[in-house]
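Naming follows writing order (A, B and C), and every chain is counted from residue 1.
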């Protein structure tokens, strides 16, 4: 079975919501839509207090080379454009809308039948993807059109589709493949057209055998798409590891996947591309897995962007009494919230509620130099050394030891027998080194 | 053995002569006078660098060793035949009073004991985006044992005697809460113990002693030492005459006075006016 | 409901802990422990008990008063040091010498460097070398196995196989004559020959080593590199001159090689972090061991070889870094 060679761990999968079909969340009374739900420059609001908006209407325009448009997920009146507390407790500029009904923009095709043919050419496809605010739905939220603009001198050979979902607990991609498999396939053909490639490979981890079977059957109806099963190992869903496993090429340090001739997109992104090109629908809703050992009804919910997380948790039976941590995303790379009223964004793939007894960190001891962190690092780095250098504030040395190659997957900290907060220190180091690199460029 | 020794001595002598660096002997004498802490408090990388600058520049303007203080600067001035500037003693001041009591924890933080990390990760346990995080980056940076975290309040406390205002803690704090201010006559100083720029209502939700930007202190100050910007008051330490009027006036106790005698509360006048 | 917790990712932790690793090692040492009691009797038990008790007490007191840190000894590392130290001394060692050795091992080799994880040299080996240099007679008086097992003071003593070999060759005895006097391979494999407590039984150590490999406590790199290097080097010497160099199987079974390869050289704190580095470390230990055994003053070279290689570990770590993902080839 295909896999990546270097490092990796196997945490408990806990895919307890895998059998739950997608349910639609009722539209909330108020939505809080942040203007920055993507990597890059935040979008600029083009509405103000009192404006009436429709579902799917453009409310903030992307600025700069790497940015994305933001569309309203509901119809109603803009209450205010103000700084609202987000998951980190900090305030970020958001557009707050009071909902009235659910009136969609009449440019959007609301029919549910599959539309296979795409009449647009590559340039038009990329333009539409940009217009519709499509970003990477795996959680990284990188504006998708940027990846599709292949730079001069480089050529794309493969389109790789990430159906791995290696994080424990998360099942939104799994359910999407089971219930919207055909739409995803059409989305993939559209992306292939945009990139001028005729080979697409979908990677699915071996714990989603039903999705693998379904996608393999569907792929027969489409030209050039093959489906591959991958060994269950974290972080198989990371871009570089996926490329290594599927086509056995290593993206060089500091470079992008296009360097080895491929572009990677998540299945959720492929689905969003289908809706954007074939139904003229911008990105304003997504599937969010709400899960956790104490959650009464773990579910996969189709949610409008801007819905507050507490509304979603209420739909699954309410916040359990023994809750210790609320995480946006998966348990390995997700972010712990300090505020459960924070809104769902384009990149929120799941909400995980951890019981209190699992929420506390293990006690920290001296590094016993066992070397296990080195063994599990999927990027071949030395986490104990990077953490020590960052703690001692030796930024130049940390840069020389390739701290910027770290993708913050957390395998090192998961494994460390001494319970050392390796990733915490590496993050501080990366931040400082990034600052140094920026000042050096200027 | 003897032959090797002689050969080595000759080689060393030749090399020492060839690579000799002619330096002004005064530099060495100034280095002798300086405390030798190499802390960087003067703004130069080490005592030798400061000594070289002093001797080469031929003037002591804007040059000061905060560790040695007036005494050492006086000795150096005498040695070089220059005049040392009269510098007002300075000290680091923590402009936040968001203790565990005033700004209670809304969440619990677990992880590396690093303010830089917590600052990037989250707004902090108290919920105030400008407030002190209490993980001790400032303590870690101090080379003079002048700052330590008080376990009851969770805030750093700056030692009046040990702090020489080198500025290391100012650089270390990711939220720029620490400022170097005048030590003050009899070590007395008054400052706004808040750096929160949010609107008053929001600030107060997280911390009971936040500055709410009401402006009463600005109005009452007889020396125009207080300015208001972005919902936050600031006391200019060069203009402040330590009259203490603003401290009493502040409705949220956001202004702190250090090392003053306690004022006895006057008895409240009767509400009935005597004829 | 209590306050929710906020921390950086990952929010999961594997079930590995220092305690589990250390107790796993202790468990792996039990076969050798039991065999030593079988062959050397009560004095084996008392020597081990004294060493362990002293190490634990020393660590507790020194952590509390010298290092000013939380004096927890529950991680089991002091117990391992005590057991390994006792495995490296003859069962007839006077108890007060065991105490001194333990205090030296913990105090100088571990606490003085900063405690767990900060030492450069293997503490048990440092303790052994200290005892060897300070009390050479006691440390080279080996009780004969299966004699005087129920008394604390042993009367019958004899040489170790390696000791006899060195002595014999120095006296000009031929190898073939010597071989008849040295213990048979089965005896050396099972442990019925003179030597330190824990080093005599190759089979018990191998059992322990296999257990640790199975549990993932150690990897195969260091033991394999060490043993293979010894076998290869002694094999080459044997082929060149079988009248002066004894065969590789003898070398593999004799002395503290098995104990050293599986338990001492693999000590995490003092061995390299990358697999490449571990192989280099093992090879170095092997070369040094054979060199000291054949041309050095001492009959046994394992302790010195490992300690010398310990000193090179920081350099090995720097020179042999793991292969990075997407490493850009230079030149």
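Please note the rule applied: contacts are C-beta pairs under 8 Å (C-beta built on N, C-alpha and C of every residue); 3 or more make two chains touch, one makes a residue touch a chain.
Here the structure is a predicted model, which is why all the values come from computation and not from measurement.
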item	value
More contacts between chains, A-B or B-C	A-B
Innermost chain, taking as reference the mean of every protein Cα atom displayed	A
Centroid distance [mean C-alpha coordinates] between chain C and chain A, Å	50
Centre-of-Cα separation between chain C and chain B, whole angstrom	54
Centroid distance [mean C-alpha coordinates] between chain B and chain A, Å	43
Residue numbers of chain C (touch at least two other chains)	2, 4-8
Residues of chain B engaged with two or more neighbouring chains	106-107, 110-112, 117, 121-122
Touching two or more other chains - residues of chain A	335-336, 338, 360-361, 421, 424, 427
Chain C - residues contacting chain B, complex	2-8
Complex contacts: residues of chain B adjacent to chain A	106-107, 110-112, 114, 116-117, 120-124, 127, 129, 198
Contacting residues of chain A [partner chain C, same complex]	6, 9, 11, 168, 240, 244, 250-255, 321-327, 329, 331-338, 340, 352, 354, 356, 359-362, 365-372, 374-375, 377-382, 384, 402, 405, 408, 410-411, 413-419, 421, 423-424, 427
Sites on chain C touched by chain A in the complex	1-2, 4-14, 16-18, 20-21, 75, 114-118, 268-275, 321-328
Chain A to chain B touching residues, read off their complex	88-91, 335-336, 338, 360-361, 421, 424-425, 427-428, 431-432
